[in-house]
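I have a structure I would like to understand better, so I am pasting it below and will then ask my questions one at a time.
The letters A, B, C and D name the chains in turn, as written, and every chain counts its residues from 1.
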Amino acid sequence: MSVYITAIIDGFRLLLSGSQDVWSIIELSLGVSGSAILIATVIGVPIGYFLGMTRFGGRWALILLVNTAMGFPPVVVGLFVFMALSRSGPLGELGLLFTPQSMLIAQVILAAPLVAGVTTAAVAGVPRDLRLQLRALGASRVQEAWAVLKESRRGVLAAVIAGFGGIISEVGAVSIVGGNIEGSTRVMTTAIMFHVRRGEFGLAMAWAMVLIGIALVVNAVLTGLQNAGVRHER
Amino acid sequence: MSVYITAIIDGFRLLLSGSQDVWSIIELSLGVSGSAILIATVIGVPIGYFLGMTRFGGRWALILLVNTAMGFPPVVVGLFVFMALSRSGPLGELGLLFTPQSMLIAQVILAAPLVAGVTTAAVAGVPRDLRLQLRALGASRVQEAWAVLKESRRGVLAAVIAGFGGIISEVGAVSIVGGNIEGSTRVMTTAIMFHVRRGEFGLAMAWAMVLIGIALVVNAVLTGLQNAGVRHER
Amino acid sequence: MSADVATPARTAAVPLVVGEDIVVRFRKRTVVDVARIEIARGCTYGLLGASGAGKSTLLRALGLLERPTSGRVLIDGVEATRRDLTIRRGIAAVFQKPYLLRGTVADNVAYGLRLRGVSGTERAARVSEALERVGLAGWQRQSALTLSGGEAQRVALARALVLKPRLLLLDEPLSYMDPLLKRGLTAEFASILASENVTAIYVTHDQDEAAVVADRIGVMREGRIVAEGDPDEVLGLPEDEWVAAFVGMEPPLRGGVRATSDGLATIDVTGVTFYATTTLPIGTGVLLAVRPEDVTIYEAGVELPLGSARNRLDAVVAEMRPGGGTVQVVLDHRGTRIAAAVSRASAKELDLKVGARVVAVFKATAVRVRASA
Amino acid sequence: MSADVATPARTAAVPLVVGEDIVVRFRKRTVVDVARIEIARGCTYGLLGASGAGKSTLLRALGLLERPTSGRVLIDGVEATRRDLTIRRGIAAVFQKPYLLRGTVADNVAYGLRLRGVSGTERAARVSEALERVGLAGWQRQSALTLSGGEAQRVALARALVLKPRLLLLDEPLSYMDPLLKRGLTAEFASILASENVTAIYVTHDQDEAAVVADRIGVMREGRIVAEGDPDEVLGLPEDEWVAAFVGMEPPLRGGVRATSDGLATIDVTGVTFYATTTLPIGTGVLLAVRPEDVTIYEAGVELPLGSARNRLDAVVAEMRPGGGTVQVVLDHRGTRIAAAVSRASAKELDLKVGARVVAVFKATAVRVRASA
């Protein structure tokens, strides 16, 4: 077990030393994934609300599309974004490949369907009778929509947090489109891969501990959201 | 868009050509992930059943543990398995690092908590009154357990299928512990990363299409399981 | 029941709500199919029927909460839909579950007013008034989630009444209550509805509730209205056999008026003579029925007490259906059947059993009569 | 109600089920707290109470489905728990929802037999017999998921009866039914329970249902049994004021036997004289009550018909509570209150309103009397 203990001590030392290298990578990770989840929320919540609340012809096809996008392997998303941003790709002229922006794009594509999908479920889970009651109290369409969204805010929040946890832990897409360039696109996950391969367990462990911390917080918040379930009975 | 079209055509050609290289990697992926999900099911279902059905003191702590394990970043799991199997690690003498077995271990660790967690929820979702009814018809503890498991089989099946979809698409852990060695530990996801980096979009697209196909099937099965929800009302 | 303050002319003119050819289908199944229904101003209309009869669906269509598959709803003679927010805001509803929102009682009662942009001071005044009307004066600051079922449902009623709706929808508002609570709240709701002079549609599967609350009753079955009229008519003389069974009566008898004098008619029902108070002329074909509560049973051959009970019928006990405090005894006189509700003590004392010979006694005023079609 | 085939000695010896000091707590809240309850062999015990009173929880404890926080359950005089599978297999239950499993009606009815390893041919025979008893002969191959609510609940009853249980638990088996269906099924269940000679515990919140089904009734309130006895006793002369209100009566009156002759007692209740049939000796302090169904109202001053109705009481209408077919009229005679159930037609004819002067008439046999503690 000594290999773990050594690595954990080294990891703590690196984190506490305030080494610029370690913290700049954490900063980049948080920055890219944080921005990505924000954008994904702005895109995903309205789509999810729309899919969950309204009944129209192609609705099931759209829900299937969102679900399929949710289940897309991240490496495949990475491949598609890479191709789009590569010199011969449709967006190649923007020169975004191997930049933080390219990772942001990949993460938005990964997170938005998740946010939309879970929002759909959360909104659809608001009891029909509650919506009828709101309507029967004179809510306009906009007021009804707002109230429904407020009622399902736990589900939406859960989607956002789970999405953040997912993309900050993800490595396939960011390593493909980011390229793990030190000081530019090296994030925590790609850094871990890089250093493990070189046997630098202390460095890898430093970021692993931060990632585990994030995972614990995400898990705690999700558990909390589940347990404090909305009560409609009264 | 031509970059996509070219890659898709190339991908199809490679798949249909029956090239040994392409198919052996697909075989290895399916073999490792299939074995992993089998083992994870055997481990996870009893744990999940136990957590969902019985009430005991440390139950919530155990559920929290399972949930935390579910949320663990795959690269971190990869790091831990790598350290265990590395020469200086506790299992270093087995010489499993960079073998398919190492990937299998990592994937079991990734999938088992998921299977256990979803089984817990599925089993706990069987209405208490149904269990009382079974008991009141004279079911012994074992008969009651079996009937409950049968009632929640959709949820368990969903967990298994989602777990399979997750580990076969995963790249962080397998690339760390497997090392992406051609002809030995190169699976679909690591192959995609490898070939994208080299601009070999046709090869990458071949595996991406297989992965997408698997994702579509997984998604379709999950949707089907959700829609054919169990009816207890009658 | 409620004293309508509108002028007779306006009242007579247009019913507040008219539904025309309302059809609602879910997945090809026709849930509601009603050619015409009218809700008069100031009246509480009771929609009665078994579950699955389409009562709630019809209510939601008439209340502009959901668009029917086809047909139109006129409010005040003008066609209206879910999109007409102004008209919709004249309608409020109380459902089975109160569905209170997080927050205080006052927050909940004020919710609809806030949606309408009513100012804070007016809101407070109206909330306080509405709470008083439902017997919860001063409960404003109580948390809505700590209320008992009965209290919560009163808050839900206050939340609707505070909007001073022209039309109030009540969809089984008391069906989740215990019998004891329900009995009290039914009377309370009835008196509030009567004193508020509000027009209401009250959906229930409980005929006793409908009898207490409604000025007019429509009985629904399989999406259609199979009986409609005053509560006394519908519950006292149901034409339809199914409706009769639903309200706990034998099917009505058919007869003809043979003689009349001073408002007392002699009616012949296949050889059996009934006396009833009616002004229908001689020769009229009639339907007639007696509520079991109005029939008293005596031992056969006993000297009957004097009194105003004109009708005396020798009969045989054909069936006994034990109820709670009373036993429903079906009596047969050569094929003519009426039912009597007898208290358990009386049934025991009279030693009633199937085949026993008895005399059924009931007043002429208790015989309900209607000209048959 | 049911003719017990056991020898009197065995019957007298030990009740089939005894609960001693049964306490159930959920999260520190005491849901059930019953010192002793006995269910006699062949008897249907009705547990009556509002929802949340702890009826179902007590039922589950007595039926060995859930272990109480403390206390013990004796079956046949022997302490038993959930772990005693053999004893538990003598107990079967029907709940609110039928909870049928996927498959045919026969699969469902046979389920418990299969759990017990009963052979296929015997299973088929017993299933067919059980289905016949619940009126579903020949329904074996029907899919269980296509049944109506009433049919499904009959299948659930057959599934329990097929096991020939020594104890049958019924937990509000009819509470999800419509009134019409419920009325029919209540009578049907009562007759099946009586003819099966099974010992049963029947939980309900509906006193009418309890009156029809039960041989003995326990009324629960807040986890305790607050009244227990024959249905006539509990529903006809409830001691407790809350129980009286719950079963729709005024609280009982207190008086003393002043004179007796030939089984007819003259009872003095604060200056008012009641006649009752009782053999209690002179001087006994008594509780007495009259069911509203047994009280007839006449106009004050009217010449009363002759008859066996000994009790005549001048009174003032203190309160009117409209019910379905009848109006519950509370009468006051200088502070002594009784209630009368009057049909709507009579109430109208008598022009009853609060403050009206009337005469209340009821038989001596209708006055229920019990020596007070």
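One rule holds in what follows: a residue touches a chain if its C-beta (ideal position, glycine included) is under 8 Å from a C-beta of that chain, and two chains touch if they have at least 3 such contacts.
Small disclaimer: the values here were computed from a predicted structure and weren't measured.
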Between subunit B and subunit C, the fewest steps along chains that touch one another: 2
Centre distance in Å when subunit A and subunit B are each reduced to the mean of their C-alpha atoms: 20
Inter-centroid spacing, subunit D versus subunit A (mean Cα positions, whole Å): 59
Centroid distance [mean C-alpha coordinates] between subunit C and subunit A, Å: 56
Residues of subunit D touching at least two other chains: none
Residues within subunit A bordering two or more other chains: none
Topology of the chain contact graph, where touching chains are joined (line, ring, star, complete, other): ring
Every chain pair in contact, whichever chains are involved: A-B, A-C, B-D, C-D
Of subunit C, residues touching subunit D in the complex: 50-51, 178-181, 183, 187, 190, 205-209, 211-212, 232, 235-236, 245-246, 248, 291-294, 303, 305-307, 321-326, 341, 343-346, 349, 363, 365-366
Subunit D contact footprint on subunit B (complex, rising order): 127, 129-130, 132-133, 135-140, 143, 231-234
Subunit A contact footprint on subunit B (complex, rising order): 1-4, 7, 64, 67-68, 70-76, 78-80, 82-84, 86, 88-90, 165, 168-172, 175-176, 179, 189, 192-193, 196-197, 199, 201, 204-205, 208, 211-212, 215-216, 218-219, 222-223
Subunit B-facing residues of subunit D, complex: 60, 63, 65-66, 82, 85, 88-89, 91-93, 95-100, 111-112, 115-116, 144-145, 147, 152, 159-160, 163, 169
